[in-house]
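Got a structure for you, questions after.
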Amino acid sequence: MKAFRGQPTIFAAAQPDNRRAELTVEALSLQFGGLVALQNINLNVKTGELLAIIGPNGAGKTSLLNCMTGYYHPQQGRITFNGEAITGLHPHKITERGIGRTFQNIELFPGASVIANLLLARHIHCHYSVGLAALFWPSVKREEVRHRRVVEEIIDFLEIQSIRKKPVGSLPYGLRKRVDLGRALALEPKLLVLDEPFAGMTLEEKEDIVRFLVELNEAWGQTMILVEHDMSVVMSISQRIIVLDFGKKISEGSPEVVQNHPEVIKAYLGDSG
Amino acid sequence: MRKLKFRPCGNFKERYEQDIAIFETDFGRVWVWVGLVLLLSSVPFIAGSYTLYIINSIGIAAIAAIGLNILIGYTGQISLGHAAFFGVGAYAAAILATKMGFPFWLSVLAAGGIAALVGMIFGIPSVRLKHLYLCIATLAGQFIIEYVLMNWEGLTNGPAGIILPRATLFGLDISGDQSFFWVVFVCLALMCWMAVNLIRSRYGRAFIAIRDNDLAAEGMGIPIFRYKLLSFGISSFYAGFAGGLWAYYTTSITPEPFTIFLSIQYIAMIIIGGLASIPGSVFGAIFIIILNETLSRITEYIMNTGILSGIALTVAPLREFVFGLAIVLFLIFEPRGLAEVWRVVRSSFRLWPFSY
Amino acid sequence: MEFFVQLLVNGLSIGFLYALSALGFVMIFKSSSVLNFAHGELLAIGAFFFLILAASAKVPIVLCFALTLLGCFALGFIIERLFLRPLIGEALIQVIMLTVGLAAMFKGLMLFIFGGNFFKYPSFLPAALSVTWGMINVPSAYVASFIIGLFFLGLFGFFFKYSSQGIYMRAVADHQTAALSLGVHVRRVFALSWAIAAVVCAVSGIVLGIMHGVNVHELSSIGLKVFPVVILGGLDSIGGAIVGGIIIGLLETFTGGYISGSLGEVIPYIILVFILLIKPYGLFGSVEIERV
Amino acid sequence: MKKDILLQINNISVVYSDVIQILKGVSLAIGEKQIVSLLGSNGAGKTTTLRAISGLLKPENGAVTEGTIEYEGRSIQNAPPETITRLGIIQVLEGRPPFEHLTVEENLRVGTAARSGRFSKQDLDLVYHYFPPLLARKRSLAGYCSGGELQMLAIGRALMAKPRLLLLDEPSLGLAPLLVKEIFEIVGRINKEQGTTIVVVEQNASMALQLAHYGYVMENGKIVMEGAASELRENPDVKEFYLGIASSGTLKTYKDVKAYKRRKRWL
């Protein structure tokens, strides 16, 4: 039985419990050497929300994401996810707890096919052991097939069927970004963290991704954090925006509020718009 | 009854099971079974004892090479200590058999297990090390193990070595070339199959991910350190298992052969065979062992004819030179090794006479 | 006490030599991130080159020295050209494997020609060089090694810090494309670093030969000892190579002197494993910064 | 508007790894002592164009397969970067990679590699004159410099080569708006005072068009629009797609993306 386009069973089957994604960041500070990257950041994410983080380059957006996903270890403050402290955990532990991310510079595996890239992300959902894997026990085979099915659903959802067997390295930039998104979706994350998913895309490609994100968020209740520069995207799809500048939070609120905040205009948006 | 599928021109897969199978077609599967049966049923009767000795050596080397390929080719961790782990396996089997009276099958399996443990100990530095530094750690492992084998006389008898009992399986004497052939090649086939299975499971995917981009792999929920250790363990298990077989086959072992030069031979096998290719490891083993034998034959011949009687010609330097040359030439001209050559030959055959 | 001081002197001079030979290794690593496994073989080639000139051809010693350095400089160039250049752009692991292959090739070739025998240079060092200090006698070879080592270390320190080529070399090591964009001749830098490394190897090979005699196995195993040295000091640090060399030299001679010779041979590697566990980038190595 | 042509690109195609075509017949002309800016979304081929000029395609496994690049009447397509830099064409790379383990001053010295003469105190003084912050940090390792200082260092390094044609790739990337302004002012001064011809590739279109005399817009490996910077600034399409201002004068919105796709007219 094949799910038709737009009705991926993995999203539909997710229980409300499994969608719970409450992230709290309290008094977070991060330094590199003497350089202060983040200073006393507080924020929270509610289940089903699409939160955007904006700010000039170098304001600490990616650093903040890296703290949330375990790549950086903040000196002060704490991060909790669904009531559990995740500060300073290794990235793989955080991924296991349900935070999946995409990368700014697309960290895909260029030699592997699209399918192989997505299957890799199913790792945390595989439960067989080494011994059984070496013998390719029937249960292992069943599990592999199940994951393959999930991956195909994601491929359908992102409309990348035609490239499923192509090595990722040979794909154009926009498609690679899409595969990167697909890989994050294959993790079945409770909280999806997107680091500049629109950077370097043409307008059409942007519109496609916006469609996917809006559908994920509105139809399937996917909680998301979006770091992005493109104001027009951010302003039109996010429900709440946090503005960072020089490692500090300078504003927070709905798009309308942020857009008219004098400090934001001064530091980021500029006079022109 | 299901129809046997030969070479399909197009994608006719209907189920995901077909897509994750080892062989694309039933044809390939049948071929391998036929080949295996032919090999096991004909070779021991056709080949003479010397040829059988070479073939058995190839089989044992191939098992070790597969292990090294999992570590270097798939996980991207360079190891220069493979011969030491092979030696650990050989000694483990010998000690277990002589001192504890373990039967053949158990001591060979245990040899693999012990080598895996030792390998994992030397893999511990990989917690914080990138591949460059790591390969130096394995170099240290090589020298330290060599030293221990040579100097811990209470356990290893030092330079004098250990003599093993005859290998028996289910009460049958299998120490002869012919019967050992079956043991080795059944083991090789099993080990090959297990390696291929591992590679197509989540473990293999994780290994490759660590090789290509460990940061992103971690973001996909893969605990890097645990997998690097696992890869070390699996690789050393293969080496130790092969070492155990080898100890039983030669019946007496000394610390001498397990030097860094043997480690380099294993590296040569997988480079020449093809990195990240299981059949490649077998091709590499065949190539290197045959090269080895050919070279000693040639030097023997030259010595006998007395052309160069004045010069003390030994086989070792010539062999070393040719190995080095082979590694260098393959890296420059066919970096993907014999496996790639084989693929090209096969596909041109398949498409013949319409080679486009 | 006397034994202790003698060991100290031995250890220091051996350490100095290790440091010197590690320099050639660091040179290649700094400019192209390649671990050169053929290091010991380059040492041996230098030593044998000198041997042929000095013992068989009976060329005057100073000329021998000059010719050896010149020959090895050319050899380094040729090696880079013939073997390394076709692999530019390939994965690092392949280049490293290539040096493993080169090592086997050179070693085989030399064993083929010279066999596993020990050779001695004709003695040419003036006896006046040796220092006697109470009961302790420092042979002239050790003093020579000390002087030559110091000289070359100074020379390279100066080269990297002040000369344009030296700065270009470091620049290439840091960022190849950026160096290329500014007009640095990157391929020439690679070739030069191999050539200089071969020269450094030749110098340390000759001095080692003066101290212990010339033997293929011996020299190529010393080439592997360069790994603990550079790991201890940090792979890309010249100062680290010196400190690492001296520490390893002392450790080895003291273990060899007080415990057992064969343990002295492996002690550097045992230390190495611990260093790697505690300080993965060595004492002075620069830490790689990773970004996502 | 255009004066003497310093660099002329005629209909070039660039292919990476023998298969991926990035540029499909790009032609442009760069006048002597001008500032020309190259706009377009990421992946449009701007950086590739710069690399084609400076000879840095080869390390990325790319090559100019068709067309010519003429610099003062001399074809330089596919020449190695060692040759091209010696003709006075210097590219400042995107992301301004420093030589991390070299001091600021040593970084600047590397800039003289493309020149015949030895470096002198005056060269350094000139760089410090334009970028005073570098003087204060000349002895510290470049790895410890901030983003703004690194951009200054990257441009300063290129200045050491006394270039006639300076190619700047995304100088504003990752810089705070005020710093961007400062850097662009300095670039303008260099152009005026040293007579250096400059090509700027920028995402920050409004900034680039204020600085430049002439502009090209690239899309999908082709030039789709060109004109004097002042004209481009007023063009409604440029406004909408690159300056991010809808025809009504407000920021564009993606609210309606499900409903329809606004196509670029020239595609």
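Order as written gives the chain letters A, B, C and D; numbering starts at 1 within each chain.
Rule of thumb we're sticking to: a contact is a pair of C-beta atoms (placed from the backbone, for glycine too) under 8 Å apart; a residue touches a chain by one contact, two chains touch by 3 or more.
As the structure is a prediction and not an experimental result, all values here were calculated from the model.
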| item | value |
| --- | --- |
| Chain pair with the greatest number of C-beta contact pairs | B-C |
| Most remote chain, CA-based centroid, reference being chain C | A |
| Chain centre separation in whole Å, for chain D relative to chain C (CA means) | 43 |
| Separation of chain A from chain B, taking each centre as the mean of its C-alpha atoms, in whole Å | 41 |
| Whole-Å gap between the CA centroids of chain B and chain C | 33 |
| Distance from chain C to chain A - Cα centre to Cα centre, in angstrom | 49 |
| Per-residue multi-chain contacts in chain B, two or more chains | 215-216, 219 |
| Touching two or more other chains - residues of chain D | none |
| Residues of chain A whose C-beta touches two or more other chains | 71, 103, 107 |
| Residues on chain A engaged by chain B in the complex (per definition of touch) | 69-71, 90-93, 95-96, 101, 103, 107-112, 116, 119-124, 126, 128, 130, 133-136, 140-141, 144-145, 148-149, 152, 183, 187 |
| Chain B residues within the chain A interface of the complex | 15-17, 19-20, 194-195, 197-198, 200-203, 205-206, 208-209, 212-213, 215-224, 230, 234 |
| Chain C contact footprint on chain B (complex, rising order) | 72, 76, 78, 80, 122, 124-125, 127-133, 135-137, 139-141, 143-144, 146-147, 150-151, 215-216, 219, 260-261, 264, 267-268, 271, 275, 312, 316-328, 331-332, 335 |
| Touching residues on chain D, where the partner in the complex is chain C | 54, 56, 59, 61, 81-82, 85-86, 90-93, 97-102, 106-107, 109-115, 119, 157-158, 161 |
| Residue ranges of chain C touching chain D (in the complex, touch as defined) | 89, 164, 167-168, 170-171, 173-185, 236, 286 |
